[in-house]
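Going in written order, the chains are labelled A, B, C, D, E and F, and every chain counts its residues from 1.
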Amino acid sequence: MGRRFVEQLRDGDQIEDVYLATDKQLRANRNGNPYIQLELRDRTGGISGRLWNAGENLFRSFESGDFLLVEGKVQNFQGSLQVILTHIERAETEKIDLTDFLPRTEQDVNKLYDKLRGYLLRLTNPHLRALGECFLMDDTFVRGFTACPAGVKLHHAYVGGLLEHVTTMMDIADRLVPFYPGTDRDLVIVGVFLHDAGKIRELTYGRAFGYSDEGQLLGHIAIGVEMLTEKVARVPELTGEAFPRELLVRLKHMVLSHHGTHEFGSPKVPMTPEAMLLHGIDMIDTRMHMILREIKEDRNNSTAWTPFNHTLQRRVYKGGANGDLYAPAPDSYD
Amino acid sequence: MGRRFVEQLRDGDQIEDVYLATDKQLRANRNGNPYIQLELRDRTGGISGRLWNAGENLFRSFESGDFLLVEGKVQNFQGSLQVILTHIERAETEKIDLTDFLPRTEQDVNKLYDKLRGYLLRLTNPHLRALGECFLMDDTFVRGFTACPAGVKLHHAYVGGLLEHVTTMMDIADRLVPFYPGTDRDLVIVGVFLHDAGKIRELTYGRAFGYSDEGQLLGHIAIGVEMLTEKVARVPELTGEAFPRELLVRLKHMVLSHHGTHEFGSPKVPMTPEAMLLHGIDMIDTRMHMILREIKEDRNNSTAWTPFNHTLQRRVYKGGANGDLYAPAPDSYD
Amino acid sequence: MGRRFVEQLRDGDQIEDVYLATDKQLRANRNGNPYIQLELRDRTGGISGRLWNAGENLFRSFESGDFLLVEGKVQNFQGSLQVILTHIERAETEKIDLTDFLPRTEQDVNKLYDKLRGYLLRLTNPHLRALGECFLMDDTFVRGFTACPAGVKLHHAYVGGLLEHVTTMMDIADRLVPFYPGTDRDLVIVGVFLHDAGKIRELTYGRAFGYSDEGQLLGHIAIGVEMLTEKVARVPELTGEAFPRELLVRLKHMVLSHHGTHEFGSPKVPMTPEAMLLHGIDMIDTRMHMILREIKEDRNNSTAWTPFNHTLQRRVYKGGANGDLYAPAPDSYD
Amino acid sequence: MGRRFVEQLRDGDQIEDVYLATDKQLRANRNGNPYIQLELRDRTGGISGRLWNAGENLFRSFESGDFLLVEGKVQNFQGSLQVILTHIERAETEKIDLTDFLPRTEQDVNKLYDKLRGYLLRLTNPHLRALGECFLMDDTFVRGFTACPAGVKLHHAYVGGLLEHVTTMMDIADRLVPFYPGTDRDLVIVGVFLHDAGKIRELTYGRAFGYSDEGQLLGHIAIGVEMLTEKVARVPELTGEAFPRELLVRLKHMVLSHHGTHEFGSPKVPMTPEAMLLHGIDMIDTRMHMILREIKEDRNNSTAWTPFNHTLQRRVYKGGANGDLYAPAPDSYD
Amino acid sequence: MGRRFVEQLRDGDQIEDVYLATDKQLRANRNGNPYIQLELRDRTGGISGRLWNAGENLFRSFESGDFLLVEGKVQNFQGSLQVILTHIERAETEKIDLTDFLPRTEQDVNKLYDKLRGYLLRLTNPHLRALGECFLMDDTFVRGFTACPAGVKLHHAYVGGLLEHVTTMMDIADRLVPFYPGTDRDLVIVGVFLHDAGKIRELTYGRAFGYSDEGQLLGHIAIGVEMLTEKVARVPELTGEAFPRELLVRLKHMVLSHHGTHEFGSPKVPMTPEAMLLHGIDMIDTRMHMILREIKEDRNNSTAWTPFNHTLQRRVYKGGANGDLYAPAPDSYD
Amino acid sequence: MGRRFVEQLRDGDQIEDVYLATDKQLRANRNGNPYIQLELRDRTGGISGRLWNAGENLFRSFESGDFLLVEGKVQNFQGSLQVILTHIERAETEKIDLTDFLPRTEQDVNKLYDKLRGYLLRLTNPHLRALGECFLMDDTFVRGFTACPAGVKLHHAYVGGLLEHVTTMMDIADRLVPFYPGTDRDLVIVGVFLHDAGKIRELTYGRAFGYSDEGQLLGHIAIGVEMLTEKVARVPELTGEAFPRELLVRLKHMVLSHHGTHEFGSPKVPMTPEAMLLHGIDMIDTRMHMILREIKEDRNNSTAWTPFNHTLQRRVYKGGANGDLYAPAPDSYD
C-alpha cells in the first residue's frame, strides 16, 4: 500500500509512516511535564506533531532534518490538524524514496532530458557539439542537472525544475533566433544550456531545498564558469582540435552576463547578441513562470488578486471574480 | 437613542447594534468545542467578539465584510475589551447608515463643495469654466468626488477627504499664483481640481476603503486623464466653440505629471509652470497632512516622538514631553 | 535620371537637386565678406555647403527645415567633402518625394501590413477582432502606423519602423504564447499591436524625426490609452454588444505597463501574464535591434568593438578582428 | 555719460571703459606674432577681445579676474562681435561700481529688506524676535545677506537673490501656515530666514559668483547652523532669559533638513511640521524660479521649448509657437 | 556577596535583587484574576517575571524603565526560565551600580583613555595638541566620551564602545598614514578623535541605549561640529595664537564627510586626503566589528552561517561545521 | 646619448628619435595639398606633428599604434609646441625600449617583488604558501604581474602599478590583522595577492594601456578566479595533500567579493572577515592613491582645488593658495 501524504491526512486517521522532521522543540506543558513538538513534512506539505511525556534522551536521539518513522493519530485542534504521536524513531535512509519528500516537476523528466540531448547533439558547430557531449557523458553532472530545481523558492522550485526551465528556454531560443540574423544559434543554445548549470552545486536538494556553503559564497555564475572551463579542457579529446579561444570567451561571457545588470549579480552586462538574447529569454521564462504560478497556487477563489509576492513586488490579477472592477459610486451617505 | 460606537464601549456594557464583521474564524476551545471569533468594526475602531458553541451553519451564514446585527456583553479580557456574543445575524443593508462605518472629514462637506463650485464657476477662461460646469453637472461624479477619500491609508483617508484635499489646495493655489507671474491661475485651479479625480474610480469606499480592480490595474492618473477627455468632449455644447487643443494638452500634462517623478508613478515630469506648481502644492498638502495627523493621532502623551511611519520613513517629533532633549551625561559608572 | 544621394557624391561632382537644409548660418570670411553656410541632408546623410558673397536677403528667404533646390560643385576640403554652392532657392514641397529624405525600413511595408491585418482579422475573440477592424478602417491611423518610426534614435528609427517592430513582436508572441498556458493569445496580440500605437502622435516624421509637443507633454503611453478608448467606443457598432469591461481594463493595463517599471516611465508594473509577456517581448526586440544595428552600422572593420552606445551604456563586441583577445604578456621591458 | 554695457555694443563702436577680464590667453598668429585674447565681461554678458602684437610683459601685467580699462573698436567677425583692442591696463578698484559687473535683482533691495525686518520684528515669540534682532544688528551679516545671490547658477543667481528668495518664501509661509494648525508660524518664519543664511559665506560674490573654499568644504547647511549658534548666544542680552533649548534644537533641525532628503545633502530629513513646510516652500520657490526663468531667458521665440536644462533634467514647454502640437499625419510617402 | 546576574539564574533559584523593569503589563489569567507581567533586565540579558494577584495600585507604583527591588523564585516554564515574583518595589537609584545594567567593553577603560591622551598630547601641531587638551580638560566631555557606546545596536554597542572604537582607529591611522605621504598625520588623529564625538549627546546611555531628542533631530555629525567650534574658541587661551582658519575648516570637513556619501547622511563627501582616510578607517573598523561580532555571538555552533543581519544585509560565514560545503549530488530519486 | 622625451622638447629643437604614432590623419591645406597630421607620444606626454606634402602611399605605410622613427623641428604654433616633420618611417620594434613609452612606477620593481615573495614564502599555512610558490614559479605570470598597471586610468596606471598596489596592501594588511582577532592573516595576505591578479589578462600594456577583448567580456574578477583554480590544481604536487576545499572556497569568495557590492561589479558581497578586510584595504588604497595623485598632478599652483575628477565625482582640496577660504563680505555695492 502506498504512503499517506500529508495533504491526504484527515481527522481521526491512524498513521505509521516516514516523515521529514523539522523544527523539533522540547517544551513543558502546564503541569511542567516535558513534551516534544515538531513539524512532520513531505513534498505535499507539513503538519504539527506532539509526543507527550517525552524525555530528553528521546529528544536527543534525532536531529531536525532527519527522517523519522512515526506512529500516531491525527486530530483536529483549534481548527488545524495535528498528530498526537505515540512512537518516533530515526528511519534508515536507504529505505526512503526521496521523491516523496521534495516537490517535482509535473513533466516527464526522461522526455525533457531527451529533448535536451537532441538540441545538443544536433548542433552544427563541432566544438560546441563536442562540449555538449562532454557534459552529457558526465553521469554525476547529468544526475544533478536532471534533479536540480531552478530555484529554492522563486521559480521552478521543484526537482527537475532546472531541466524544465532550460528545455523551455531552448525551445524558445530555437524559435526566436531566426528573427535576429547575425545571432549564432548554436551559441545561444549552449548558452541556455549552461547559464544556470552552476546551480547543481549552488543549491542543495537532497532532502529539502537550500543553498550549499559554496553556493552562498560563490554563486551559480562563478561555479558555472568553472564547470565550463573544466569541460572545455576535455573537448579536444573528442574533436582533435583546440577549442577556439574566442568561442570560449563568448560562452563564458554569456554565463557571466545572463542576469543582465550588475544590480542582479552579473559582473558583466551582455555585450554580444547571443548574451543579450539569452538574458531576454531567461527573464521571460522566469517572470512568466512566477506570475502563472502565483495564479495557479492561489486557492482562494473568491478574490480577483493573488497575495502580495515579495520577489515580484506586486500582486497578480487573476480577474473574473467580483464586482469591484469598477468602484461602485456609493449610493448615498445620508 | 443613537448607536453605541466601538470607542464608547465599556466593561460590562450590554450591546445590541450593527457592526461590520471582519476576520471571521471558526476555532475550537480547549475542550474541542467550536466557537466563532471575529472583529466588529465601525468608523471609530474595532473590538474582538467571540460566540461560544457556534456551529458551522451559523459560521457560513455570513461573510467577512457583511454587516451583522449583534447582541452580547462587553468584558475585559487580559487588559483588552472583547464582546461575548449571544446572537448574530446578517443585517439588512438598507437600514444601515453607512456614515457610521467609515471615518469622515470633520469639515462640512456642503461648505467644501460650495467652495469648490465657487472656484470653478468664477474662472476667467470660458473653456475651463465650461469644463468645470460639465463636471459639476454630472451627479455621479459629484457624489463620488464629495465622498471619496484622498487615500486608503496615507493621507485624508476618510469620506470627504478628496474634497477637503482639493479645496485646501485650491485655496493655496489662489494665494501662491500671484508670486509667480507667467503662471496661468485658471489652469492651476483646474489642474488642482482634476489631479486626483481618478481616485473616485481607483478607490472603493462603499463599506471600507480599498482599491478597485480597475484602480490597481490603471491607477488614478490614467483614469483621471480619461475622465478629462470624456468631459472635454461636452464642453463645446456649452461654449459653442472647440476646446483649444493646446489647453487640453496642458491640462492632461498636469494630471500625468503631478507625482513629480517617474519613481512616484508619473509617466512624465512637470514641464510647465502650472504643472510644477501643482506638484509642489500637492506635495506640501499631502506631507503636511500626514505629519500633522501623526502628531494628532498619537495618543501616547508621555513620549516626544510618534511611532515610526512607514510611508514617511521616519518618526515625527512632537516635543515638549521629556527631559531627554539633551542626553544627560551619566553621573558616574563607578 | 534618379536623384544623387548624399552618400553618392564624389569630389568634382556637379549637382542640381533638392536637399533638406538645416543649421543655416550667415558668416563672414577673412575679408569680412558674408557667406551662407548650411547642412544639406537627405536620408543617406549630410554634407556641408557654402555660398560665397551671399546677402542677408537670400539668407532670410528660407528657414532651416526647408527643402532647397541647390546647384553647386562638390570639392574635398581638408579631407571632407563640401559643396560650393552657386544657387539656392526654396523648392515646392509638392514635387518632393519625402521618402528621399527619411530612412525607411528595408522590408516591404505592404507585406508587413498584410501580416498585421492577418493577425488582427484572425483573432478568436470577437470583441478584440472588431477592435482591430476599427483601427484598420481608420485611414489616418493606418497611414500613420505604417509610416511612423518606432523611435527617433534608439531603435527602428526609420519610416515603417513601428510596423516592422510590431509585426516582429506579433510573430514572436505567436510562437511564445503556447509555452505559457493560462496566457490569453488574443490579448497578447492586441497588446503588441497597441503598445506603441501612441507613437504615431508622439513622434513627428514628416521631414525629420522628432517629438511633437503633445508627444513630449503626454508620451505615447497616455496617447495610446486614449486612442484605445476612442476606438473601443466604436466596437459595439460592429459586434452589437458592449465591449467587456474587464477586457478593456486588461488592455489598457498592458499599454500602461509595457515599459516594465516606473523608472522607465510606466505608471504601472505588469500585473497580468499578458502584460508581463508583452513587456518581455518588447524588451527583447528593442534590445536585439539596437545591439545588431550597432554591429551592422559600425563600418570600421578593423576593430573588434563598436563605439560606446549611450542608450545601451556599453560597447558591443563584434569579434574576430584582432589578436588582442588575450592580453599578450609583454616580452620584456628591459 | 553712462557706461556702455556689453549688450549695448554694436559693430563699429569705439569703446573706452572698464570690463572684467577673464580667460586671458597669449597666442601666436599665422605669422608667429603673439597676441592676447581675453573675454571682457560685465553684468549684461561677455565679448571676446584681441590685442595684436602684445608682449609677455603686458600679458603678465594683469590676471584673469582683474578689472581692465580698455580701449578698442567693436567689429563683426564671422557673425559674432569682437573688440580689437588698442590699449589695456589694470583699473583701480575703488573707482569701479561693482553693480555694473554682477547681475542683480530687478526688485528694490531696500523694500525687500524692509519686508524682511517687518516679518522678524513682528514675531510673537520674544526669543525668536530677539534672535532676529541680533542678526539685523550685525552690519556685516546684513551687508552679506542683502547682496548674496541664492545660487551660483541654479536659481536667483544675482545680487540680492538670496534676499528676494527669502522674502518671497516669507510671504508664502505667511499665507500657508493658517492651513496647517499645529504649525508654529514664528518658527516657520525664522526657519525661512535662516535656511540659506550660510550662503553668505558659502558663496563668493565680490566680482563673479563662485564658491569659497569654506563653502565647498562645509556647505551652507553646516555654516548656517554655526551662524545660528553664534547669534543665539547673544539673545539673552536682549531678553534677559536663556534661549529655550527645545526651540533652538527645532531651529537647527529646520536648517539641517531643509533639502528634504539625504540625497540632496541634508544630513537629516524633516521631522517636525515646521521643517516639512520649510522644505516644501523652498522646493516650490526654487523650482518655480528656475522654470519661469528658463521661459523668460529663452529669447528664441520661434520654438515651443526651451533648451535642455541640466539641473531640471528637462526642457520647459513655452507653447503657443508652432503647428507641431499634434503630429501631422504625413500626407503620403508615395 | 555579589549580585546574581540574569545569565546566572537557574531553575529553582531564590532571588532578591535589583533589576531594570521593562514592558510591564497588567493581564488577567483564565479565572479573570489580574497579574503583572514584566521583563527584568540587567546587562547580561532579560528574564520574564510574573506577579500573581496584583492590584492596579501596585501596577501604577512604578514605570517601565524604573529599577525594582524584586523577590521571587526562578522556574522553568515551557523550556524557558521565568521568575514567579512575591514582592516588587521601586529601588532607590543612588544605591544602584549602573554598570550592572548596561553591557560594557571588555577592555580596560583606563588604559584606553591613557592611549587616547597619549595620542593627543604627543601631536606635533601645537594648535591641534592644544585643541586635544581643551577637550581633555572638560570633565563632562571626558565622562561622556569614556562611557558612551559607539552605537545603539549596530557596532560597539556597549559602555566604553566609543572610546574603544576611537582608540582602535587611532592605532590604525598611526600605521596607515606613513603609506600615504602628503597626508597630515596630526589632522587624521584629531579627525579620528572627533568624528563620532557628537554621539555623546546624540545617544542616551544612562540606563539603556537610545537616542536623545537632540540626537534624533540633529545627528552626531552636526553636534560634533558644534562641539568642535566651542572648543576651538578656547584654544588661543593655551597657545596665545589664533587657531588657523584653514586648519579648522579642514577639521570640520572631516567630521562632516566621514560617512563618505550623502546617502549615509554626510552633507559633504571627503575632499581631502585626511577626510578620505578617516572615512576608510571608520568603514573598516565598523564593518569588521560587526562581522566579527556576528560570528562571536552566534552560539548555535551546529551551523556554518550566522542569522541574517539586517544592517549588513547578509549572513556571515562561520564555516567549518558541516558537510554541505559542496552540494552532494543526490544519489538517486528512483 | 639618451632619448629626448616629449616633456623635454623646446622651441627650435631638432629631433631624430622614435615615438609612438597615434591619431594619424590625412588632411588638405588651404591650397588643397595633402599633409599628414599625427600625435607623437612617449611616456612623458604627446606632441602634435605635421608632415607637409605627404602622399597617400606614405600615409598608408604605417598605422596608428606603430612606432615611428621621425626627424623634424620643434616650433611654437599659437602658443603650443608642434613638430614640423621632414621624415618618418616605421621603426623596428626590437630596437625599442618599451619603458620609454609607458609610464612606470617610481619605485624599484625588484624590491617590490622581493617584498611580495617575502610575504608569500613566509606564510604559515602550508597550502597557501605552496599556492604562492606555484604562482611565483610561473615566469609568464610573474612577468605580467610585475609589469601590469593596476588600472588603465583610474589608479596606479603605470607599469608596475599592480605590484605596487598589491605590496602596499600587503603591508597594510600585515598591520591591520592584529586588530581583528578571528581574522586569518594568511588568507588576507593571499587574498590581497590575488584580488586583482586577473588584470594581467584583463588589461593590455604592451604599448599603451587598454583592455583586452577577454578583459572586457569577462573582467578581472572572473579571470582571477580561473587563474586561482588552475594554480590550486598544482599545489598537491608540492604539498602531497589535497588543497582543503573550504580554504579554496574562501579564497575564491574573496576575489569575487572584493569590489564590495553588486553595483561595483562583484557578483557576491563580502561574507567572511577576510573578504571584508580585503575590500576595505582595497578601497582605502585605491581612493587614497587617486586623491593624492590628483593633488600631485595638478600643476596649476595658483588654485586651491584640483580640476573635477569624474571617477571620484568631486574636486580635491589642495589648500593653502588663496584668500578665498572665507568669502569676503563685499565692501559695498553702492
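In this section, a residue touches a chain if its C-beta (ideal position, glycine included) is under 8 Å from a C-beta of that chain, and two chains touch if they have at least 3 such contacts.
Please read these numbers as outputs of a predicted model, since none were measured by experiment.
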Co-neighbours of chain D and chain C - touch as defined: B, F
Intersection of the contact lists for chain B and chain E: A, D
B-D, D-E or D-F - pair sharing over half of the C-D contact pairs: D-F
Chain at maximum distance from chain C, centres defined as averaged CA atoms: E
Centre-of-Cα separation between chain F and chain E, whole angstrom: 42
For chain B paired with chain F, centre-to-centre distance based on mean C-alpha positions, whole Å: 60
Shared-contact residues (touching 2 or more other chains) in chain F: 213-214, 216-217, 246, 249-250, 253, 271-272, 315, 317, 319, 325-326
Set of all touching chain pairs, with the criterion as stated earlier: A-B, A-C, A-E, A-F, B-C, B-D, B-E, C-D, C-F, D-E, D-F, E-F
Partner chain A, residues of chain B touching it in the complex: 25-29, 32, 98-99, 104, 140, 143-144, 147, 159, 200-206, 210, 212-217
Residue numbers on chain E that touch chain D, as the complex places them: 213-214, 216-219, 221-222, 225-226, 229, 246, 249-250, 252-253, 256, 262-268, 271-272
In the complex with chain F, residue positions of chain C that touch it: 76-79, 304-305, 315, 317, 319, 322, 324-330, 332-333
Complex contact set, residues of chain A against chain C: 168, 171-172, 175-176, 179-183, 245-246, 249-250, 253, 269-273, 276-277, 280-281, 283-285, 287-288, 291-292, 295-296, 313-317, 319-320, 325-326
